[in-house]
Amino acid sequence: MSVTDAGPVAAPVRQPAVQTPFARFVADFTESRLATFAFILLVVTMLLALIAPWIVPQNPYDLAQVDIMDSRLKPGTPASSGKYTHWLGTDGAGRDLVSAMLYGLRISLLVGVLSGLIAMAVGAAIGLIAAYVGGRTESLIMRIVDLQLSFPAILVALMLIAILGKGVDKIIIALVTVQWAYYARTVRGSALVESRKEYVEAARCLGLSNGRILFRHILPNCLPPLIVVVTVQTAHAISLEATLSFLGVGLPQTEPSLGLLISNGFQYMLSGDYWISFFPGLVLLATIVVINLVGDQLRDVLNPRLSK
Amino acid sequence: MYRSKTILTALVAAGLALSAPFAATAKELRMALSAEPSSMDPHFHNLTPNNALTSHVFERLVHFDSKMKPIPGLATSWKTIDEKTWEFKLRPGVKWHDGSPFTADDVLFSMERAPNVENSPGSFATYVKGKTFAKIDDMTIRVTTPAPYPLMPNDLATIAIISKKAASGAKTDDFNSGKAAIGTGPYKYAEFVKGDRYVLVRNEDHWGEKPVWTKVTIRPIKTGPSRISALLAGDVDVIEEVPTTDIERLKGDTKIALGQGLSNRVIFFHMDQWRDESPFITANDGSKIKNPLKDKRVRLALSKAINRPAIVDRLMEKAAVPASQFLADDFFGTSKKLKPETFDIEGAKKLLAEAGYPKGFKMTLHSPNGRYINDARMAEAVAQMFTRIGVETKVETMPGAVYFTRATTGANGNPEFSFMLLGWGAGTGEVSSPLKSLVATFDKVKGMGPVNRGRYSNPVLDKAIEEALATVDDPKRAELLAKASEIAIEDVAVIVSHYQLNTWATRKGMQYTPRADEYTIAMSVSEQ
Amino acid sequence: MTGPDQRAKEPTLAVDGLATHFFTKAGVVKAVDGVSLHVDPGEILGLVGESGSGKSITGFSILGLIDPPGRIVEGSIRYKGRELTTASDEELRSLRGDRIAMIFQDPMMTLNPVLRIDTQMIETVRVHHRVSKAEALERARAALAEVGIPSPESRLKNYPHELSGGMRQRVAIAIAFINKPDLIIADEPTTALDVTIQAQILAEAQALCARTGTAMIWITHDLAVVSSLADRIAVMYAGRIVETGRTADVVNAPRHPYTRGLINSVPSHNVRGRRLAQIPGMTPSLINLPKGCAFRTRCPQAIDACLEPPPISAIGPGREVRCFNPVRDPQSATAEAAP
Amino acid sequence: MSMEPLVSARGLSKRFVRKPDLAGRIAGHLGADVREETVHAVDHVDLDIRKGEVVGLVGESGCGKSTLGRMIAGLLTPTEGKVQFKGKPRDALSAAEAHAARLALQMIFQDPFASLNPRARVETIVGEAPLVHGITTRANMTAYVDDMLRRVGLDPELKRRYPHQFSGGQRSRIGIARALAVNPEFLVCDEAIAALDVSIQAQIINLFMDLRSEFDLTYLFISHDLGVVQHITDRVVIMYLGRVVEAASTEELFSGPNHPYARALLAEVPRISTEKRTFHPIKGEIPSPLHPPSGCHFHPRCPHAFDRCRNEVPVLKEIASGHISACHLNDG
Amino acid sequence: MTAYIIRRLMQSAAVVLAMSVIVFLGLHVVGDPVYLLIDPQADQAEIERTIRRLGLDQPIWIQYFHFIKGALTGDLGTSFVHGTSALKLIVERMPATLEIAIAATLMSIFIGIPLGLYAGLKPNGFISKSIMATSILGFSLPTFWVGIMMIMVFAVMLGWLPSTGRGPTATFLGITSSLFTIDGLRHVAMPALNLALLKISLVIRLTRAGTREAIHQDYIKFARAKGVSMGRIVGVHLLKNIMIPVVTVLGLEFGNLIAFSVVTETIFAWPGMGKLLIDSIQTLDRPVIVAYLIIIVLLFVIINLVVDILYSVLDPRVRIGEKAT
């Protein structure tokens, strides 16, 4: 065949080996040491939260293990049982703060991540449908999205919690309600952009089914902005949950999240028992900062306009 | 140029306005409240912050002293003519803020208006109902009731007397704007900015003892730490409802003085005693069981499980007193015999075993959050204690908005919960109020037990209460009320926990005389 | 118009041994590596090369518009005898837009979308000359008229988005010419335009240069465009100039194998329907150039000597080639020339 | 070449309409300036492409050549008119025939970056469709993909890579391999070489020509580059603002364009020349397709325009055998 | 433009309707405000009388019907708690909220844009990295926590600023606001900063991102090629382009600012709408809640309109209404 005189095509010298988009993404991501550190910290935090029940001395949600007589012990005080030490003290109800914080972290992350993921699933599906179906359905969906977005999340969550009542599930429902629209808008936006690209036309030209094009071709390419939104929204959800807890419409008193720990400990701010809200505050802050840092780097790495 | 000049003018004006009252004898008092009064209309809403605010401007026939004992107010004296008739002598020489004289007509007008205020979300009708007011002369009023009614002075201590001349046809808004806010009280209306500030100036022509402060500014600061901060930063002079968590610290602060006093409020638990199966009680394995709270031994066991001294000490920061009955010992009609239930885990376990629950059962404790001092934490602590005797207790707290509906009419017009934390402030300052409302058999027609959320029913107790309520003679009634209290407490109709102490904090150099009715009023702030 | 006889005169611009490198994480990108060229007053120099050949970077280097991580590492750029590589930022700034102007490739992107045309034109005048606003406006109007924009008065009030691509490029050209510069560097100014519009722009540019005596470096990948426009041509490959000469000479008798390959790749230069004479392989990465002559791996007539970097050598008056084994039979390239 | 056209367009039109919504209509009733906006991207075009033929479709941006190409490839539904495949209107085809027609008509795209899914490996890009359509089996897929890559001059070793690891020319080859993998008969090449460097352009043009003879392919070659079109096509169709203005065999057209627009276009193509040239461009700009000029769309720029051109749309007339043109001058 | 306004109006009417239905039904499910409001000593008869007085004895749909009827005549109902017109209550409190919202917006512009510009122009400098790191803190810190910390530091410990509440007001150009007195400004400072913190971070990021993107645009390079000075490039060419997203986002965030004032107002005892709302939710004061939401929706309509007009002023490419579709 004569065409081969076009080359044995000179192997591109830039990439020595097969580089998957993921590998490239990892390489780009780790360019920032801070973000890498944040990511590791995030993984550690999540792991800690995950294995909390096996590493903490006390189950802070089991009322049989919590004694009001132990309330507000200073950091470093030995527990009344003598079996362990309250390294970070206890809260107003007598919970060991280390235990309570890790459990609280669990709840906060659960609320943040779960609501983020559910909202993403719901929003992405709606966004894809809107982009795909088009026409009146799309207009209707996008109008609802606009309305949802133009209305302050905190008000919606506040009203919903007031109506639904307390509980982790209720909080998640409320947070999903206020978040899904972000995902829907993001996915629809990038799905529209992607579906105008020639590779989608090519796929259609090749007779591939709509479902295949939508989920195998378009959706994977909509993921980068979605991932960014997930990180931002997760951080936002955790913070929002804390705020709702502060406003008294958050989680049950006996199963405090980090936000509720802070908000409970907040009463002690002026009385000198700083540790009750200081340490949870620190952990909450660190968690949100870390997620934001990771999200920031993701944004930089995944943003095609800033890529080199 | 124009702009800066205007601002300058405004600043000078503001400066003058601020500096003027400071001249020579001017003494300003700034107080921070934990709740926002909703109106200057003293009849609009029977609510502590409203009543406290309006009592600066308006007075009642009978006043409560700081311990809620009736003392003369606009009436100098009262007596019973017969079992069903009371006569009140009005204070002579009292002038309204607009200078017109106070007469019996004003009293009749006030009693007429109090139960019938438009849009009122909670009127004073309860205190006027069944009473017929008659003017004997300008300075004498007679009140008749269909049955003997001993609580006449207490009831009339709730109803503010307003000026017939100034308030005829006035709406609530007219009071807020100051138009109708013409009272006889020690302070005059100056400014009412809802949610922001309420300003009063001293009534130099008041009949009684003149308060120290010439000008009073009252501001609502709902958040506890913010309220404390405002005091510490010197932005206010007096705050009410000092969060218990800060009492310890403030005691050590040389720039702050505290005033602490027993309130008329008891924190207690209502227990479902009417359903055969209670919705929030199950066996340990989650299966349905017969309602154990119907058994007195179980109720007693739960009462014994509560470590009241620990609650007072650790949770309330000593701003409470372990409760033995519905009102603290000093109040009218309390029993001297009753003592707080002792903390006794073994005894409690034994009683449970006797009642057939050696391994306990599961229960959910419901509580409001933010309605009573430390209510949610209290629920949590008590749940801990119950869990220790084998009654595995879950806590569910909710905002008052949700809680009280469900606790009162949640289950088809009946209370929804099995075991609930509640508080009761005896507005009349004596024991008949909690007895009648909380433990008398629920009876819509008679108006008994309206908030008996456990639906406890004991004919013996009902009889005792009714008898006491029909006894006008004070010593005798006190004895009957004490007796009724003993019946209720000994049968563990409710489990009482503690009486709240109310705490005020002032800047050094001032002192707040604590009031059992929880009012925060400028007249109670003295200078040292 | 120009020729060896005029070389005695001082050129408007003389670039000598210019090297501009970009220091990236992946390595040093030698975007421009030893470029020498000159333009005389009123002359149009066509700088031809494919993407990545360094032609645009050469343009930006002349204007001192290289941003980190890029840097001019070597060589000299003399504008009317003044050395620019060592000039201060302020000196460069005062030259830019006044004595040396530039036109960019994409007319949709070069004008600030939120500023009116008049603002963007007036500032170009006023930043270099102490003239009144009215005077600057008048110059702007004149400049627009000069590039054949109908009713320039009203166009001045427009925002860029209200103009078509061709119109915008004319505005950009008008801005470049507004201060009557000595040199204009035009970086593929017609690539994004339609053929009919391209022809218009080429005509305007040609006429303007002739009228004002402004020298011009016309950067392009399209030999066809410059062959009918430029006086001289310089062909770039992988950061270096491989061949220069008068347009006719280069087109008629390319000496460098790359130039020849380029000319032969043009379809209209081939017999219709026949396979094109193509250059095999692809442009090498500038980070990792082949040793010696960068074109060696694609060159049909590479010899062992090509493993060393070839020097550029004069092969005639104003005619230079960078090759050890230049094309000997120049006629072969144009033999089939069409039409 | 058989006489039966492989693909033909009959009266093909595409209009893009933007309708005002409810609010807009209400505003319209209130007297606001709210109108329905219509773009006639393609306006009643007839086109026959015979088997084995290479037809060039030429015009400047916005002339509708891409839209026409996409309608023929089946990516856009015509607003009006029909596309016939092997003599049968596309909407009259049975499901199986439609499927076959869909695969037989493939498209090569302009942008070598956007036309490949960045998240798919080359083997997936090339092999997905044949696998889905049962042209190859999973077991044979590797060999099949290798074969396709070899045919377009790519090293099969590279098939595990992702598009971003290739140069522009290589990506073009991948795109061609992808189309070839479903055994097409007809390729629509939409500016398929416009984004490539000159030296790479030549390689791809050669590839197209090689493939044509090897697979007996038919091309619709859409391009604005007349040089390329002249080199590669048998017949050329020139469009202006949605309409065909002239069509003829390549040789005839390039030797004697009839329509003033075609003449201008041909005259202004830059060619490698040894002489400095003076440009005599036609005036004016291409009008907006939103508000095309009346009559002959070209009349505002036409040096020969007269009254009739402003009022009457010229029809395509055969001026020589196989040479049609739409110009009123031909009547006079 | 007309179509745009009509579209907006139709949309907001739909929101108001949907919102009011949800709130009506929702609050109906939540509970009965009467038990919260009424004197605990009151008997059943008085409770029922009060329920009747507040109109809560009617079926919910009749209550809703009455509300709609009233709303069409501009009467949004009477507050259960305050006994006065809900609309009046909110309007009275609006200036206080707008005050801190405006102050916060100004702060975010005047602090955020310079910092963002700096960080965008020198993305690798130490100061820039510090700015960006701090801005992440601004994103992450819960508002309520920062609020109380600010009170502790600036009011209690340092005594620089008043701890809570609104200062004296003055009237200027017919507007009565505490922004016109020195003491008023001292009161505004902390709550506004508390509210602004998040927005400052947002503006920093937007400005930085915009700067980084714009600086590589051809038109900036073209301006440099024209010899325009760096100062003018940043001050005119860059800033005008960056202002477009900043103004748009800030405008839209203005609504959020007002909503988030719920938290700030609670902590700083600021007598604004947010505090009223949270109190009303706690007491199930439905008329106030519904009225608040309606006002917020209207506010949003106005804000969106203003933003769109500003947008079209700043960005000549945009015609009003086009963005909305």
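Worth a mention:
We just call them A, B, C, D and E in the order they show up, numbering each chain from 1.
One rule holds for everything that comes next: contacts are C-beta pairs under 8 Å (C-beta built on N, C-alpha and C of every residue); 3 or more make two chains touch, one makes a residue touch a chain.
Quick caveat: nothing in here was measured; it's all calculated off a predicted structure.
When chain centres are defined as mean Cα coordinates, C lies farthest from chain B.
Taking B-E and C-D together, the pair of chains sharing more C-beta contacts is B-E.
With centres set at the average Cα position, the gap from chain B to chain C is 89 Å.
The centroid of the Cα atoms in chain A and the matching centroid in chain E are 25 Å apart. Work out the mean CA point of chain B and of chain D, and you get 85 Å between them. Remark: chain A and chain D have CA centroids separated by 47 Å (rounded to whole angstrom). Contact with two or more other chains is made by residues 21, 167, 170, 203, 206, 210 of chain D. Residues of chain A found to touch two or more other chains are 2, 6-7, 9, 12, 14, 162, 248-249, 266, 269-270.
Multi-chain contact residues of chain B (touching two or more other chains) are listed as 225, 229, 232, 370, 399, 401-402. Here chain B touches chain A in the complex through residues 224-225, 228-229, 232, 243, 245-246, 248-249, 307, 310-311, 314-315, 369-370, 376-377, 379-381, 383-385, 387-388, 392-399, 401-402, going by the rule given at the top.
Within the complex, the chain D residues that touch chain A are 21, 70, 73-75, 99, 102-103, 105-107, 109-111, 114-120, 128-129, 132-133, 150-155, 158, 160-162, 164-167, 170, 175, 178-179, 182, 203, 206-207, 210-211, 214.
Listed in rising order, the residues of chain D touching chain C in the complex are 60-61, 167, 169-170, 197-203, 205-206, 209-210, 224, 226-228, 230-232, 250-251, 254, 264-265, 268-282, 285-286.
Chain contact summary for the complex, chain E toward chain D: residues 1-4, 6-7, 10, 325. Chain E meets chain A in the complex at residues 11, 14-15, 18, 22-23, 26-27, 29-30, 136-137, 139-145, 148, 152, 156, 212-213, 252, 255-256, 258-260, 262-263, 266, 277-278, 281-282, 289, 293, 296-297, 300, 304.
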